[in-house]
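You will see chain A twice below: alongside chain B first, and alongside chain C after that.
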Partner chain A sequence: MSTAWVNMRGWLLMLPLLIVMVAVIGWPLVDTVRLSFTDAKLVGTSGNFVGIANYVKMLSNTGFQRALVTTTWFAVISVAAEMVVGVAAALLLNQQFHGRAVLRALMILPWALPTVVNATLWRLIYNPEYGALNAALTQIGVLDAYRSWLGEPGTALAALILADTWKNFPLVALIALAALQAVPRDITSAAMVDGAGAWSRFRFVILPYLAGPLMVALVLRTIEAFKVFDIIWVMTRGGPANSTRTLSILVYQEAFSFQRAGSGASLALMVTLMVTVLAVIYAAVIRRTAGAR
Partner chain B sequence: MLKPIKTALLGATLFTAAFAGAAHAETKLNALFMAQAAYSEADVRAMTEAFTKANPDVTVNLEFVPYEGLHDKTVLAQGSGGGYDVVLFDVIWPAEYAANNVLVDVSDRITPDMKDGVLPGAWTTVEYEGKRYGLPWILDTKYLFYNKEILEKAGIKNPPKTWDELAEQAKTIKEKGILDTPISWSWSQAEAVICDYTTLVSAYKGEFLKDGKPAFQTDGGLDALNYMVDSYKSGLTNPNSKEFLEEDVRRVFQNGEAAFALNWTYMYNMANDPKDSKVAGKVGVVPAPGVEGKSEVSAVNGSMGLGITTTSKHPDEAWKYIEFMTSQATQNAYAKLSLPIWTSSYEDPAVAEGQEDMIAAAKVALAAMYPRPTTPKYQELSTALQLAIQEALLGQATPEDALNTAAENSGL
Partner chain C sequence: MERRSLFAAILIHICALLLAAVILAPVAWLFIMSISSTTDLISKPLNWWPETVDLSRYTRLLTAVANTEGAAFVAALFNSLRVAGMATVAALLVAIPAAWAVSRTPKVGWSLYAVIATYMLPPVALAVPLYMALAALGLLNTVYGLALVYLTILAPFTTWLLKSGFDAIPREIESAAMMDGARLDQILRLITLPLAAPVMATAALFAFLLAWDEFFYALLFTSDLRAKTLTVAIADLAGGRVSDYGLIATAGVLAALPPVLIGLFMQRALISGLTQGGVKG
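After this line comes the complex of A and B, so read on.
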C-alpha cells in the first residue's frame, strides 16, 4: 500500500466527522465572526457593518474589565482548590481499606450531578434564613448569627467557588487516581526503605507520575472554569451589585437580555480567544513535560 | 346535466371538510408560562385542561419557566424561528416585543365586550403606541402584607398609611424585641427589586423618564432609593432582603419572621393556608402606603398579558385559547392566587368570599397602579437600575451617585 493511499484513506475515514464539525462548529464560528462586525439585533434587523466598533466599545467598557477580573479570580481559585482537594482525595482513595470501592463510587456523585441541581442545592445550603451552613456554623459557635452568604459582595464569589469546587474536584481525583495505579509499588517501597518521609515520597516519587495526567485535568478545568455560566446564573445571576458577574454572564446579557447579537458576538469571541490562548500555553507545557520524561 | 357537477361540488366540499377536519384535529399549540407568583402551575394546567375539553381539536403543550427566564426564553425562541404560539409577557416588554416584531398586533380581535368589561387600567399592560399586543391576564400589584398578631403584640392598632409610619411601626416592633428585622422585601439583583422601587417611586410621585430621558436620579426617584437605603441601614429591613425574590419573602413572612412584607396578590391565600404557613389567619393586607402631602397609597403595575407570537402558525386557535384563559368565567373560578381583569368580578360575592380584605385592598391599589417606563430598551434600563440600587444598599455608592451612573448606563 502506498503512503498516499494510507493518507487518503485517513482523510476519507475522517470525512464524515469533518463534515459534521464544519457544520456545527465551523459555520457558526464564521457566522459569529461576521456578526461581531455588525450591529445586528437578536430578532428583527440583521444589522449593518460597523467595523471594529463593537470590540472597541467592549474593551473600553468598565463592566467588561470587571467581569474579566471576576472570571480570572473564579478560575484561578476554583481550579487550584480542585487540584489540591482532588489529589488529596485520590491519595486517600489509593490506600487499602474496607469500603474503599463504595467511597470511590460515592466520590463521583457531585460530579455526576447536573450543574443546575448542584447550584440549587448549594443555594439551599447558603440560605440566609434556614440554610444548613448557617445552622452548622452557629451551632459549633463559629458564627453568632445567621448571615447572608450570597447577598454580600465579600462572600458571594467565595461561596460560588466552594460550590464549584465541590462539584468538580472528583474529575481531578478520578484522573489522579488512575495515574496513581500506574506508580510501581516497588519504587515507593524502595523509597520508604531508603528513609524517605511521606512528603518526600509524594514530592519526588509519586508526583512525577501524576504530572502529565494532572496537566490534562488542569487544562480541562481551567477552560471550563473560565467559561463558567450555569452555576452562577442559578445562584446569584451576577449579583450582588455585579460582584459575581463573569464574562459568560456578560455575553448572555448583551446578546440575549439586551438582544444585541452583534456586540454579544464580539464579546463571545474575545472570551473564545482568551480560552484558546490558555489552551495553547497549556499544550506547550504538556509537550515539554512529556518530552522531559 | 347539473347533477354530476353538483355531486362533484358536494364531493369536493366534503373532501375539503374532511381534510380541514383532519388538519384541525392536529392543531397543537405551544404555550410558555411562568412558575412563580400569580396562578400556580396546577391552576394553569387545570384551566388548559378545561379549554382542551371544550375544544377537542386543539391540544396545548405547556411549558413553565421561572420569571427570570421568561423574557430571554421568549426572545431566544423567536430569534431561532419560533416555537411558541402563546407567550406570557410582563407589562414592561410590549414596547420591546412590538419594536422587534415578537408579538402579533391583536387590536382588531378585541371585542366591544372586552373593551367595556375589562378594567381600564389593565389595558396598559398590553399596549404600546396605541396598539394592543394581547389580553391582560394577571392583574397584579405589590401590596403591603402585615402580621396582625405581631402588630397587636406591639400595641399597634392600624397598619401604616404612610411609609414614614411604616418605619415608625417597624421601629416599635424592633425596640419591643418582638422581631429584630421586621420588614422583608425582594431586593435581589433582579426585576423584583425594580417592582419594590417603583412602588416607592409612585409614593414619592417620582418619574422614571422625562421626554424619553432618565429622570429617576432626582426628586421622587431619589427619595425612593433614599427610603430603601435608610430602611436597610437602620436595621428595620431584613438584611437578607438583598438576596430575596418574592418566594423568599413569602417563606419569611409565612414563618412569622416578618411583621411587614411587600408582595403580590398570591401571597394572601398562600400565607393563609394552615398546611403551609405558621401565620394562617393572621395575615393582613392593605394597599402599599403613601407619602404625606404626596400620595394616599402606592402601587406598581405588575400585570402580565398573554399574546400570540408572530411565528405562530395557528393564530386563530391561539387567540381562542387566550380568550378562554382570560375569560371572566375562568378568572372568577381561579381568583385565589390572581385577581380577575374584569370590573364586575370585584362586585361578585363568590370571588370575594374568604378574601374580602384582599379584594378591598385591590379595589384601591389597582386604581393607583404606576407603570414602569415604556421603552424598547427597558431591559438595559432595568439592569442598570438593579445595579444602582444594590450598590446604594451595600454602601458602595451614595444613592445619588448610583442613580446618576444608572442614568448614564441606561442606554437612553
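After this line comes the complex of A and C, so read on.
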C-alpha cells in the first residue's frame, strides 16, 4: 500500500468527525466572533455592525470586573482546597488499614453524583429554615440561631466553594493515589533507613512523583472552575446581590435573560480568551512533564 | 511503614473514619430526606432519623398521572435517557473511525489536538449561535436538537479516549492479517474492534454519564415536557415553590442512581480512564 493511500484513507475516516466538529463547534465559534461586533438581539433583529463598542463597554463595566473577581476567587480557593484535601486523602488511602478497599470505592460517590443533584443536595443542607447544617450547628451549640447561608453575601460564595470542593476533591485523590502507587517501595524504605522524617520523605521522595499528575489535575480543575455555571445557577443564580455571579452566569444573563446576543457574545469570547490562556499553560506543563520523564 | 507504632495505626484509622463520614454524610442525608415524612423534615430540633419510613414519594414521582410531579419526572427521565443514548451512539459513530485513523496514520495525528483543544471551550462561547441555529431549524425544545448539541462535548472526549485504546492494540496484528489477504473492513470488524471492545464500552459509559450530567445546554434549549431533561427538572424543583423537601431529595436520589451504580460497579474501568489523563499526560 502506498503512503499516499494510507494518508488519504486516514483523512476519509476522520471526515465524519471533522464535519460534525465544524458544524457544532467551528461555525458557532466563528459566528460568536461575528456577533460580538454587532448589536444583535437573541430573537428578531440580526443587528448592525458596531465595531469594538461591546468590548469597550464590557471592560469599563463594573459588573464584568466584579464577576471576574468572583470567578477568580471561586476558582483559586476551590481548586486549592481540592488539591490539599485530595492529596491528604490519597496519602491516607495509600496506607494499610481495615476497610481501605471499601473507602476507596466510596470515593467515587461524590464524583458520580450529577452536578445538579450535588447542588440541590447542598441547597437543602444550607436551607435557612430547616437545613441540616443549621440543625447540626445549633444542636452542638456552635450556632445560636439559624442562618441563611446562601442568602447572605458574606457566606454565599464560601458555601458554594465548600459544596464544589466536596464533589471534586475525590477525583484529585484518585489521580494522586494512582501516582502514589507508582512510587517504588524501596525508595521510601531507603529514605527511612537514611533517617528521613515523614515530612522530608513526602517533600523529597514522594512529591516529585506526584508533581506531574497533580499539575495536570490542577490546570484541568482550574479551567473547569473558571467555566463554572451549573452549581451556582442551581444554588444561588448568582445572588444574593450578585455576590456569586461568575463570568458564565453573567454571559447567560446578558445573552439569554436580557437577550442581548451581541454583548453576550463579546463577554463569552472574553471568558474563552482567559480559558485559552489557562489551556496554553496546561499544554506547556504537559510538555515539560513529558520531557522530564 | 511496615513497623508502625500503635499510635500511628490508631491515628490512621481515625482519619479513615473521618474521611468516610465526610464522603457518606451528605449522600446519606439525601437518602434519609427522601424517606422521611415532611413533619420530620421541618421539625426543630431536626429529626435525623425518620419515625416511620415513607416511600410514597418514590411512587409519586415514578407514576405518570397527567399534570402531576410524576408526569413531569417520568417525561424528564425518558428525555434524559433518549438524549444521552442518542448522543452517545452518534458520538461513537464518528469517533471510532476517527480514533482508529489517528492511531494508525501519523500524518493525520495533529488534527486530534485541534479536536481535543475544543474541549476547553466554555459552552457560553457557542451557546448563542447554537440557539439561533436550533431555532431556525425548528429543533429548539426537541431531544434531537439537544443530542446534536451534546456532540460538542461527547465527540472530542470519546475520540481522545478511543485513540489511546487503539494505540494499545499492536498494529502488527493488523499487518499480519493484511498479508494473509484480509480486506480493511474485515480486519476492523474481526480483529481490531473486538479487541477494542472494553475501551469502547468505557468510552460509551463516560459519554453517557457526561450527557446525563449536562445542564447548561439543556437549560437553554429545552422548555417543556417534550424535551426537558432530568437535570433541568430537578433544578426546577429545587428553585421552585415546592415546600416538600423530601420530594426534591427523592428526585435527586433517582437521578443519581444510574451514575452512582455505574460508578460503583465499573470502578476499575472508570478510574483507569479518569487517571489516564493525569498520569500519562
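Just so it is clear, the second predicted complex is superposed on the first by the 264 of 293 C-alpha atoms of A that agree within 3 Å, B and C clash if a C-alpha of one lies under 4 Å from a C-alpha of the other, contacts with A are read in each partner's own complex, and residues count from 1 in each chain.
Please note the rule applied: contacts are C-beta pairs under 8 Å (C-beta built on N, C-alpha and C of every residue); 3 or more make two chains touch, one makes a residue touch a chain.
Computed from a prediction, not measured in an experiment: that's the story for all the values here.
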Clash or fit, chain B versus chain C on superposed chain A: clash
First, second, both or neither for A:Leu143, with chain B first and chain C second: neither
Partner chain in contact with A:Val43 - chain B first, chain C second, else both or neither: both
Chain B versus chain C as contact partner of A:Lys227, first or second or both or neither: second
Partner chain(s) touched by A:Val216 [first = chain B, second = chain C, both, neither]: second
Partner chain(s) touched by A:Arg237 [first = chain B, second = chain C, both, neither]: both
Touching partner for A:Phe256 - first (chain B), second (chain C), both, neither: both
Touched chain A residues, chain B compared with chain C: C
Partner chain(s) touched by A:Val183 [first = chain B, second = chain C, both, neither]: neither
Touched partner set for A:Leu59, first chain B, second chain C, both or neither: neither
Which superposed partner A:Val205 touches (first chain B, second chain C, both, neither): neither
Stretch of chain B penetrating chain C in the combined three-chain arrangement, among 3-11, 21-29 or 39-47: 39-47
Contact residues common to both interfaces of chain A (with chain B and with chain C): 42-43, 129, 237, 252, 256, 261
Parts of chain A lying in touch with chain C, wherever the complex brings them together: 6-7, 9-14, 16-18, 20-21, 24-25, 27-29, 31-32, 35, 42-43, 89, 92, 95-100, 103, 105-117, 119-125, 127, 129-130, 132, 135-136, 138-139, 166, 170-171, 174-175, 178-179, 182, 188-189, 192, 212-214, 216-217, 220, 223, 226-227, 229-230, 233-234, 237, 248, 251-252, 255-256, 261, 264-265, 267-269, 271-272, 275-276, 278-279, 282, 286, 289-290
Chain B contact footprint on chain A (complex, rising order): 41-44, 128-129, 148, 150-153, 236-242, 252-253, 256-259, 261
Touching residues (chain side chain C, partner chain A) in the complex: 1, 4, 9, 12-13, 15-16, 19-20, 22-24, 26-27, 29-30, 33, 41-42, 44-46, 48, 93-95, 97-98, 100-102, 104-105, 107-108, 111, 115, 117-118, 120-133, 135, 148-149, 151-152, 155-156, 159, 184, 209, 212-213, 215-216, 219-220, 230-231, 234-235, 237-239, 245, 248-249, 251-252, 255-256, 259-260, 262-264, 267, 270-271, 274-275, 277-279, 281
Complex contact set, residues of chain B against chain A: 68, 71-72, 75-76, 78-79, 96, 99-102, 188-190, 239-240, 242-243, 248, 251-252, 255, 257, 377, 379-380, 383, 386-387, 390-391, 394, 396, 411
